[in-house]
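Shared between the two complexes below is chain A, which pairs with chain B and chain C, respectively.
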Partner chain A sequence: MSEVASFVRGTWTIAVYTWREGMRKKILMAFLILSVLVIVGSNFMTSFLTQVTPGSEVDMEVKQMKDLCVTAISIFGVLITIFISASVVPNEVENKVIYTVLSKPVRRFQYLLGKFAGVQLIVILNLILMAALFFVALYLKERIMPTLLLWSTLLTYFEFLIVSAFTFALSCAATSAVLPTIAGLFIYITGNLTEYLKDVFVRAGQTDLWIDRMIGYISYGLYQILPNLQNFSLKNQILYLASNDPPRDILLPNLIAYGLLYAVAGYLMAYWIFRRKEM
Partner chain B sequence: MPAVIETQKLTKVYESSFRSQDVRALQDLNLTINPGEIFGYLGPNGSGKTTTIKLLLGLIFPTSGRMRILGSDDIGAAAVKRRIGYLPEGAYYPDFLRGEEVLRFYGHLYGLGGADLTRRIDKTIETVGMTPARKRMIRGYSKGMRQRIGLAQALLSDPDLLILDEPTTGLDPIARKEIRDILSNLRDQGKTLLISSHELLEVELISNRIGILHNGVLQTIGTVDELLTQRDVLIHIADPTGGLIAKLNTAGLQVEDATATKMVVRVPENLSVYDALEICRAEKATIQSIAPRRETLEELFVRVVGAAENKTLA
Partner chain C sequence: MNTIRKSLVIVCFAVAVALGAWQGARVRHLRESERFYRWILAQSTQTRLFAGDTDLSEQQKLDFELYYEIVDAADTAIPDLPVGEDDYDADGKPMRKMTIAARDEQYSALVFDLASGDVLAKQREEFLQYSRERKISSVASEFDPAAAYSEGVNVSLANIFFGFRKVAANFIWLQVDKYWHQGMEQRMIPLMTMCTWLDPTFVDAFQLGAWHLAYNMTAKLPDTPEPLKVWNEKYKARIGEKELYYYIAIDFLKDGIRKNPRNHKLYFDLGYAIYNLKMKDYDNAVKYLTEAVRYPHEVWVPRMLNISLEEAGRYEQALAGWETYLKRNPGNLTAPTFIVRNKGRIKEKQANEAAERARNATDPQAAAAAKAQAETLRDEAIKIYESMNQAGEDPFAVGRIMKIKADRLFEEGLYLEAAAVLQNARWKSALLWDEATDMMIQAKIKGNIPLDLSEKKYVLRKEEAEKYKQAPKPQQQPAPAQ
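Let's turn to the complex of A and B:
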């Protein structure tokens, strides 16, 4: 077998193993079941939440249903992403499987690539399951193909990919999954608030105090460095546009490239930490 | 023929935030293991055995010193790792896999596949005696069965060098004997084995050479015959008298297991057996047997480690 084929087979083996093991995690299953319950029950729940106004109740119900489902996918999806990204490497160090794997002809780069690919398999499959249920629920409600949801799901995945890559990188430096999980949540929240950093920069420039200016520059620096996860959100378009409208005001290839760039940076950071990690 | 494992002044220091709390786990280790040897690597807990193994496998990195494995300085090279089998102590194997699936997983990591991998799985499963349980989930395995599967994954690539960390720990006597037989067969096939263990009797039975490590320093190394040289003589006596015991003690002989009807006299290597027999004859004692007795590995271990600790305290 050639070196390349051997590399691919080894990486894929680790990825599949990571996926099979990850899908058995109880906490992950709990998040998935909760999200499925919310999506499946959204139709029923919105009928309680919606105030009846003649002629507009169907629109309101659909809007609330969309709101509920998009929020559920975002919250449970990112929780699954963070928990699995934070735990795959520390768990393997803890139970010593990593000793037997790295003592085989497996390079550390390859090992990490396999683990990361396994994490992505889990994230993608969970996202597809949640999105498919939402898709069906919305179709049954409106009787039109909710194609906008497909674009939204694609972008949501790239949002999760960025969070996953940096959480994974931090997990390579940790001895347990606790700190990377907290860090992952922090990355997600900060990534959704980067627009505020720009505001801080603009407001800080309004005074001549050096401390204000410094805070402004730091905020601007962080704004430039941190990924802006809001770019990946089509929530408002899903709520206010027709379900079969194309997405507006976004450059899809650029966003995908943006997501991939951050994911590669996160993965390289993981490798930089892991390459000299002592087991 | 070049050494399979060769280390020169290999040192590992686990650094902490404060230099005073650094742990010197291994100190200037010079170790050579030759092809076809079973090397017993012994030492108390925390003596540096597992640190040595992790260094040899590239799981941790040396602070200073050099290593060569299978003729290569590149410890992480795939070509080198392909020739090494490793069984870690207390390793976990995923519960949701069957025994043969675990081996398939590791086989793919070796770059194996297809009919060749299936053939190797069949062979190693048979070697470790797991054929009846090969399709059972790991979660249903006993500790001994898990250890056998661990050994099977180490043997899968037909490695030239096997590194086994506590291979018989937690096994019942029959399983130990079976594992010992497997390891002896591997030696007969020309494989080189490095066995780190607390089971001194097991190591004594199968090793060609032994090294004892304490506080990261190799205290002694040599063949079993070279190291276990201290030979006492045991004299079994029936119906001993009080006078006999007193005279033997005065002569510096050790009386063991003394009862009203029998006793055993240990004549250390530095004293004369003839003098002991003369005393017995003078006291009209009935000598049942005279037998030489070689020091056990356990006694050597306790003596070497004890001396090293006394040196440290001094």
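Let's turn to the complex of A and C:
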């Protein structure tokens, strides 16, 4: 029992340390400040830009504000996620702090779990801050509690969790943060284009060549295995849905489970790479 | 030991990926079912509201066929549902269970269960197949707006935007707004279409777009004289340049309804802003406003429905509507006036029916009884209208009282006096203008009183319009029957 407690305590200490370290990064603060500016500014922007018919002004402004804020949270949130996920381990290697930590009675699994948890703490905190501002801005505009926004934020987090886990895995193989950062952006972009693989599968076979068919099968296999971030597009729509919407209620827990499973896969991949690393 | 650990990590990774893929397949199934569910909702609306449309594309015909297949398959799986007053089709038959379930939000879970379950598995596959082959008119799913334009083997353009289509649509809308303020209306149309293409759930764009088309585009255009109108095969009507915009606005709103079948705003605009105010087609106005009040709506929507019911001559329904409205909104100031007003209209209608019976009766006793009944009803109507004048002169009530007096003078053969009263009445109440003008001209013709120039022109215009209305029309092809 004490071993488990010690494991959890050690992991938590590393996570908190990673969180403190991460929050000191200027680039993260810059992204955060930019997103805050967009969210706060969206209120003024929509008022200045919109001059539609009386009566529909409020609806249009609210719509533009919602779309702008959800997009800002997505863009800045994913940038924060990628930068932090890509840098925590390589920076420790570069600073040689990792050698000091691993020379203590800390297992690699525990160290990595602490680092990953620290990254998630940073992502969650940033997301909470951005969502809270959006929540307040929306409430001031509509005077209705935008509770669906909480679900939208939750889904955004689980989308980031997948991107974060695989970027983190790739960062374990790198010695600097540059390549994993580029790889993280690539993961985000390709993750959104997974549907394209299905199109490739549907198109394949038209020429009747074996290579054509093979490409089709490979595409279909990848389509089945790779995470599809488009599944999380619900986060954009959820703010407009009626209070009673059965597909939303069923999809929400399924998407959360989907995000968690791929995050576990990403973390295991990170551990597999990290345990082979010569240090 | 090391190899075992290594293998364990790989196995765990493989299991996590496999579980992720399995969960992914589940999510994919739910997303496909969700698209199917949205399509059923949209298609049930199309079946109820637009099944009589004659201008159906091949895609729309297949839509109907597939929907009827779904309705048949779901019949045994849906328990008996209460059939409401307006759950009957044009032939008076009760609607099928799926159509009733799909129109009511309380059965949403039931419809989604069917859409995602085994009962409609074959139809779901057919739907997905037809969607891929672009054989049916797809609708955007609220979770997956890309579905409206990314089916088939084409690469989804929407995916390249990474879900930021809504922001793109918003910025395009700002350009539409700018063009409007610059008076460049013609440039707005393609942008409005693109805007709704990028974001099919952008209800305000559909609403404002239709408003621009029906109101702002036509603001500077005069009403097209009947001889200049031409037969439009698509809309099965004789229309001019100005009227064409009304029909385009209707199409725009119908497209919005297909994509957002449960949003009251689109039904409201179609019913009130276009059919009532612009086209004076009160029956269609009532049809769409009745649909609007079925979904969560603003407080003024039932008011406009009740007003349209009155304008369509359905005073009993209007009265019942106002009474219900007052019960729900006890402090409302307009409802009591409309309740009294509709009571007066009902009496007037009954009086006119009795007067008609008196005119047509062959038995003098029956004629006298019907005439007496008409007089009593008219007196009652006048009393009702007079009660509206207690708090100050009500132009509508004053106008209606004068109209009743004119009716009496007309029946007595005092045509000059009737025309004089009607002339006064139409200036008292603008709502009475057309009705009083028609009757005044009728009185003048009957009494051999010469018409003035504007009245002669009015008569000529009406005769000409009537002549074109009577002209034979090309054969119409109705939608496939359910």
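In this text, the second predicted complex is superposed on the first by the 256 of 279 C-alpha atoms of A that agree within 3 Å, B and C clash if a C-alpha of one lies under 4 Å from a C-alpha of the other, contacts with A are read in each partner's own complex, and residues count from 1 in each chain.
Assume a contact is a pair of C-beta atoms (placed from the backbone, for glycine too) under 8 Å apart; a residue touches a chain by one contact, two chains touch by 3 or more.
All figures in this text were calculated on a predicted structure; none of them were measured in a lab.
Chemist: Following superposition onto chain A, is the placement of chain B relative to chain C best described as a clash or a fit?
Modeler: fit
Chemist: For A:K104, using the defined touch cut-off, is the partner it touches chain B, chain C, both, or neither? Pick first, second, both or neither.
Modeler: A:K104 contacts chain B only, not chain C.
Chemist: Of the partners chain B and chain C, which touch A:L241 in the superposed model: first, second, both, neither?
Modeler: Second partner only, chain C.
Chemist: Check whether A:E21 is in contact with chain B, with chain C, with both or with neither, and answer first, second, both or neither.
Modeler: Once the two structures are laid over each other on A, A:E21 reaches chain B alone.
Chemist: Tell me which partner A:V8 touches in the superposition: chain B (first), chain C (second), both or neither.
Modeler: Neither partner.
Chemist: If you stack the two complexes on chain A, which partner ends up touching A:K96: first (chain B), second (chain C), both, or neither?
Modeler: first
Chemist: Let me test your reading of the model: by the given contact rule, A:L193 touches which partner, first (chain B), second (chain C), both or neither?
Modeler: So A:L193 only meets chain C here.
Chemist: Decide which partner touches more residues of chain A, taking chain B and chain C as the two options.
Modeler: C
Chemist: Working from the superposed arrangement, determine the closest approach of chain B to chain C, counting only CA atoms, in whole Å.
Modeler: 12
Chemist: Just which bits of chain A does chain B share with chain C as contact spots?
Modeler: In chain A, nothing is touched by chain B and also by chain C.
Chemist: Under the stated contact criterion, what part of chain B meets chain A in this complex?
Modeler: Checking each residue of chain B against chain A gives 54, 57-61, 76, 78-79, 81-82, 84, 86, 88, 90-94, 96, 105-106, 108-111, 113, 150, 153, 163.
Chemist: Any idea which chain A residues touch chain C in the complex?
Modeler: My answer: residues 49-53, 56, 59-60, 63-64, 67-68, 70-71, 74, 189, 192-193, 195-196, 199, 202-203, 224-225, 227-228, 230-231, 233-237, 240-242, 244-248, 250-251, 254-255, 257-258, 261-262, 264-265, 268-269, 271-272, 275.
Chemist: Going by the contact rule at the top, pick out the chain C residues touching chain A in the complex.
Modeler: For this pair, the touching residues of chain C are 5-6, 9-10, 12-13, 16-17, 19-21, 23-28, 30-31, 33-34, 37, 105, 108-109, 111-113, 116, 132, 142-146, 150, 152-156, 159-160, 162-164, 166-167, 170, 173-174, 177, 181, 201-202, 204, 207-208, 211, 262, 296.
Chemist: Which positions of chain A touch chain B when the two form their complex?
Modeler: Residues 1, 6, 9-10, 13-14, 17, 20-21, 24, 95-97, 99-107, 276, 278-279.
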